[in-house]
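Here come two complexes built around chain A, the first alongside chain B, the second alongside chain C.
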Partner chain A sequence: MHDLKIPIGPQHPAIDEPSCLRVSLDGNTIIDSDLRFGYAHKGIEKLLEGKRIEQGLHIVDHICGICSVAHPSCYVRAVEKILNYEPPERVKYLRTLVSELGRIQSHLFWTGFMLHEIGFETMLAYFLRDREHILEVLERITGSRSHFAYHKIRTVRNDISEEDEKLTLKKIKEVEKQIPVYMKTIRKDAVIKARMKDVGTITRLDAENYSLVGPIARASGIRIDIRKDDPYEAYDQVDFELIMEWDGDALARMLVRMREVIESIKIVKQVLKNLPKGKVPRSVPLILEEGMEVGRVEAPRGENFHLIKIRNRKIDRMRIRPPTFNFMSIFTKLLEGRKIGDIPVILASLDPCYACMERIIVIKDGKKEVLTEDDFRCKYV
Partner chain B sequence: MILDVSMFNVILLIFVIPISLLFEGLRRKLMARLQNRIGPPIWQPFYDIMKLLEKGESNSKASENIFFRITPLLYLITTFALFLFVPFPIISFPLDFILFVYILILSGALYILSGFASNSPYGSIGSMREIILMVCYEIIFAIVIITFILYTNIESLMGLNQTLLFLKLPLASLCLFVVALVEMRITPLDTVEAQTEIMGSVETEYSGKDLALLEISKDLKFTFFIFLIATLFFGFENVLIFSLISLVLLFIFTFLQATTCRYRLDQTFNLLIFVLLLAVIELLRINYFAW
Partner chain C sequence: MEVKRIKLKEFRQKIEELVGYRLITISALDSRGCYHLLYHFDNNGIKTFKVLIPEKRPFIQSIIDIFPSAEFYEREIHDFFDIEFKGNPRLHEKMFLPDYWKDKPPLLKNKK
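And now, the complex of A and B:
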């Protein structure tokens, strides 16, 4: 069994989105690995070029199904910076509400999936049940179960009624009731501990060198959160804690995400309590001659970054850097010397979202070539 | 050799495949209810098997290999042969438990062979894992059976019919339970068929009729261990009580599968080494010490 090569992906039960990981094995131990992308490429950045700003918003909304609150939020933030526009308080609060609900559903889905990777099917079913409550609320508020399209430039799609508020509070309380039970299971279960403790450990130094963001960096003890560092929407007016763990392993990442769900529930409750009265402005067509700005928001997986350059009323260049881009570079390093059984745990603990990430593929003479940012700069800039 | 063929035995042998498929259906339904789902109907395994038997086979490179074609059938036959001894022995002669253990190991070996013959990295890794674990758990199984035989002081499995033996041999019973978990592929010890790690391991390359045979064998093995534990622990007196105990055991195993997650290969191996130690202690206890 010396030097056996196995492919993990593009189709494999351990990964939810297509990617190809080729692992060289010495017995049961990984000696080398090679990660390839390009299966979920949609050409979003090229599509956006030459589009009007409202059209761009529609495309940005369809980048990813799970982070479909974070991308429009980021886009809208960048455009509103160019406009130098401050939305009304009620709009800010409504945006915060939907952002946090999006974060809760993403984290719940991820945690269930993570436990499914180590064979805990029951927990997956339970987490999906709880996520269903949040999706119901989101459907009531935004009219859709994924691709919410709630953020509009200068406003939001629709206002919420008092009934919606009541439903949200009721459903949120149901989720809140379950979280301590799950936390207890995750902290106490011996098998979960055996599988996830000290697996895929990222030290604080590594996390800084690879410029990791989001829950992964916070699990390694780095204070980083756009909601605190560069507040947007109504995050400067709500009270929440920045969750950190110090171990940096898969278990710490899971605990960070579970504790973040509790914080998000706290934020949702505060938003509903302090929701200012007033009207939500109507969405009107927008003409913008020129400008260039960046927007960044805290997506469920970390910092999401959009750069928009507008010329002649059209988008001239758009750069999207989702959080997955930062932490896929450390993945192959984490695999070195681990066992086969650790691959799904490490991969899932990073929570990759390839649909957000894949940007550039060059197809030349039928050969596919996936470019990194540096390669791209060398060749074309 | 005595061929003890009663009406009940013949009926059981004929109906053991439908019974095991029914057990699988029950297991799925119970699992779904525990997971807050509705789940498939109890007859679903029958539909699955019928569908697979109607299907054609994919033509892969591995199908040139003769072992790839015949091992599923042989695996089914050997697994079926286990029911000659359990729950009530049909063939019986002095020291027949050696044949019994031999058949169990043979069926495991055929499973391994089918994995290597499938010419797939996932199949090879699954077979490799099975070999590594088999070194441990088959020895434990043999020791446990010998312990039971020595304790009851009989020559043949025919006489192994006492009630509540598990109270008199607690450690050996525990060891048998752990071996059953590994063989039945139940978490936390279903490392051989870790779906999210190595897909379906041995079954990855199989399709159509061969896959149906493998599925039936898997269900047969599941039922076999339930029957074995019910017979060894509680004895076989009444059909009704026996079925009741089997259903309770089915529930216990399903509950265990629903509430635990999977160990890694090295962790499973370490656990089995520890269990092996327990089995040896029990064997020494009943031989040399009077407690």
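And now, the complex of A and C:
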């Protein structure tokens, strides 16, 4: 049985994103598995080579539609480290506001889809309804519903008005009202418990060995949050709790994310209350001869890491390590010994985001020829 | 960014001393005449260790027995830079590139 491998994906109704999972089975039990990616490649790391810094920011904005705050935030942090520049307080607060709104919408979206995976479609509809409130606020603040492109080097794209603040508070309160209802359902519902309790358990030791980050590590009892460990934006000036659970299973991960939504709402309220007065500086062209720096931020899924090397005023190399790539290494280990029916639940409980993870492309034209780098440069650079 | 250089001969020994650190990622850079491998660790701040690898027959010891999460980073670097990691059992199963890929690794630079 061991040499027979069953492919699941890249297109499969039970798996939301394109990846090919090859599993070896003994009856209905998984013995071994391997993952293949590359079905959502965009070639971002190659595309960034030779670009100006502002052009780079524009590309980084478009890595992913869900973590579209985390990537520009991380890029801007790395570049500002090279510049040795500290942005004004108001800019820091505005960045924090958008980062937290981005986190709320991502967590709500994910929790909805997690419940959809176990057949709880009604809850998905409720979560999408609540996420809509947040998207409305983000659209008002940034002008976009998906790729916000709010972070600029040294500044943010636009200031917010008093009306925006009022709208944000109103919408946030509507979401806040619903969270206890959802928490009660998640904790009490028998189906959720049966499908998620003790499924995909990551022990604390494994989480440490596999260097896990974000809500997954926190659900296994590890104190890790870049907002606390290495504060950026205005996170050192707001008060919030680091959420932790101890069970390490799919249910614990869901609880961590839901409780984080409450903390994010707390941060948004504090930011709006203490928003410093002042002007947002205008975005001006940037000249930077050379330098190499790393930046990291807490994306909704965990630590997001960028390395940027600048040479002759252009990006020489850019390395992006999104959180999903970090925890994919433990996914195959979690499947060993489980039943086939658990695959969608375990995968969804990790909250993978393949658009972030797959950044490098094999570019082909219709005739199945691979574009050389020169052709690639002529066409895209 | 603080970067500490490690010699290739002492690489394995130095990495073994870092047990307890959290591996953030491994980045590869294609430079003139050699590859730079940057091992980023977290231990109250980012600590980066740099190893230089010659361009001809590039190979280095794998660290997956100490840091299991390195498996995918090493496989990714093997796909895009063709650097050999001795001791990574699934290194030659392509992860991002298609199986029929025969061209030079895509992230290498054109050198004249």
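Criterion: the second predicted complex is superposed on the first by the 352 of 381 C-alpha atoms of A that agree within 3 Å, B and C clash if a C-alpha of one lies under 4 Å from a C-alpha of the other, contacts with A are read in each partner's own complex, and residues count from 1 in each chain.
Everything below uses one rule, namely that a residue touches a chain if its C-beta (ideal position, glycine included) is under 8 Å from a C-beta of that chain, and two chains touch if they have at least 3 such contacts.
All figures in this text were calculated on a predicted structure; none of them were measured in a lab.
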Between chain B and chain C, more residues of chain A are touched by C
Between chain B and chain C, whom does A:242 touch in the aligned arrangement: first, second, both, or neither? neither
Tell me the contact category for A:31 with respect to chain B and chain C: first, second, both or neither.
neither
Inquiry  = So in the superposed three-chain picture, is A:125 touching just chain B, just chain C, both, or none of them (first/second/both/neither)?
reply    = first
Fill in: First, second, both or neither for A:342, with chain B first and chain C second
first
Which superposed partner A:5 touches (first chain B, second chain C, both, neither): first
Name the contact category of A:181: first (chain B only), second (chain C only), both, or neither.
neither
Q) Which partner does A:317 contact after superposing on A: first (chain B), second (chain C), both, neither? A) second
Quiz item: Which partner does A:328 contact after superposing on A: first (chain B), second (chain C), both, neither?
Solution: second
Both chain B and chain C touch chain A at residues none
The chain A residues in contact with chain B across the complex are 1, 4-7, 12-14, 28, 115-122, 125-126, 129, 189, 191-192, 194-195, 339-344
Listed in rising order, the residues of chain B that touch chain A in the complex are 31, 34-37, 121-122, 124-125, 128, 187-188, 190-191, 194-199, 258-267
Touching chain C in the complex, chain A uses residues 34-38, 41, 45-46, 81, 208-212, 224, 230, 292-294, 296, 303, 305, 307, 309, 317, 319, 321, 325-326, 328-330, 358, 360-362, 370, 373-374
As the complex stands, chain C meets chain A at residues 1, 22-25, 27-30, 38, 40, 45-46, 48, 67-69, 71-73, 76, 80, 90, 93-98, 101, 103, 106-107, 109-110
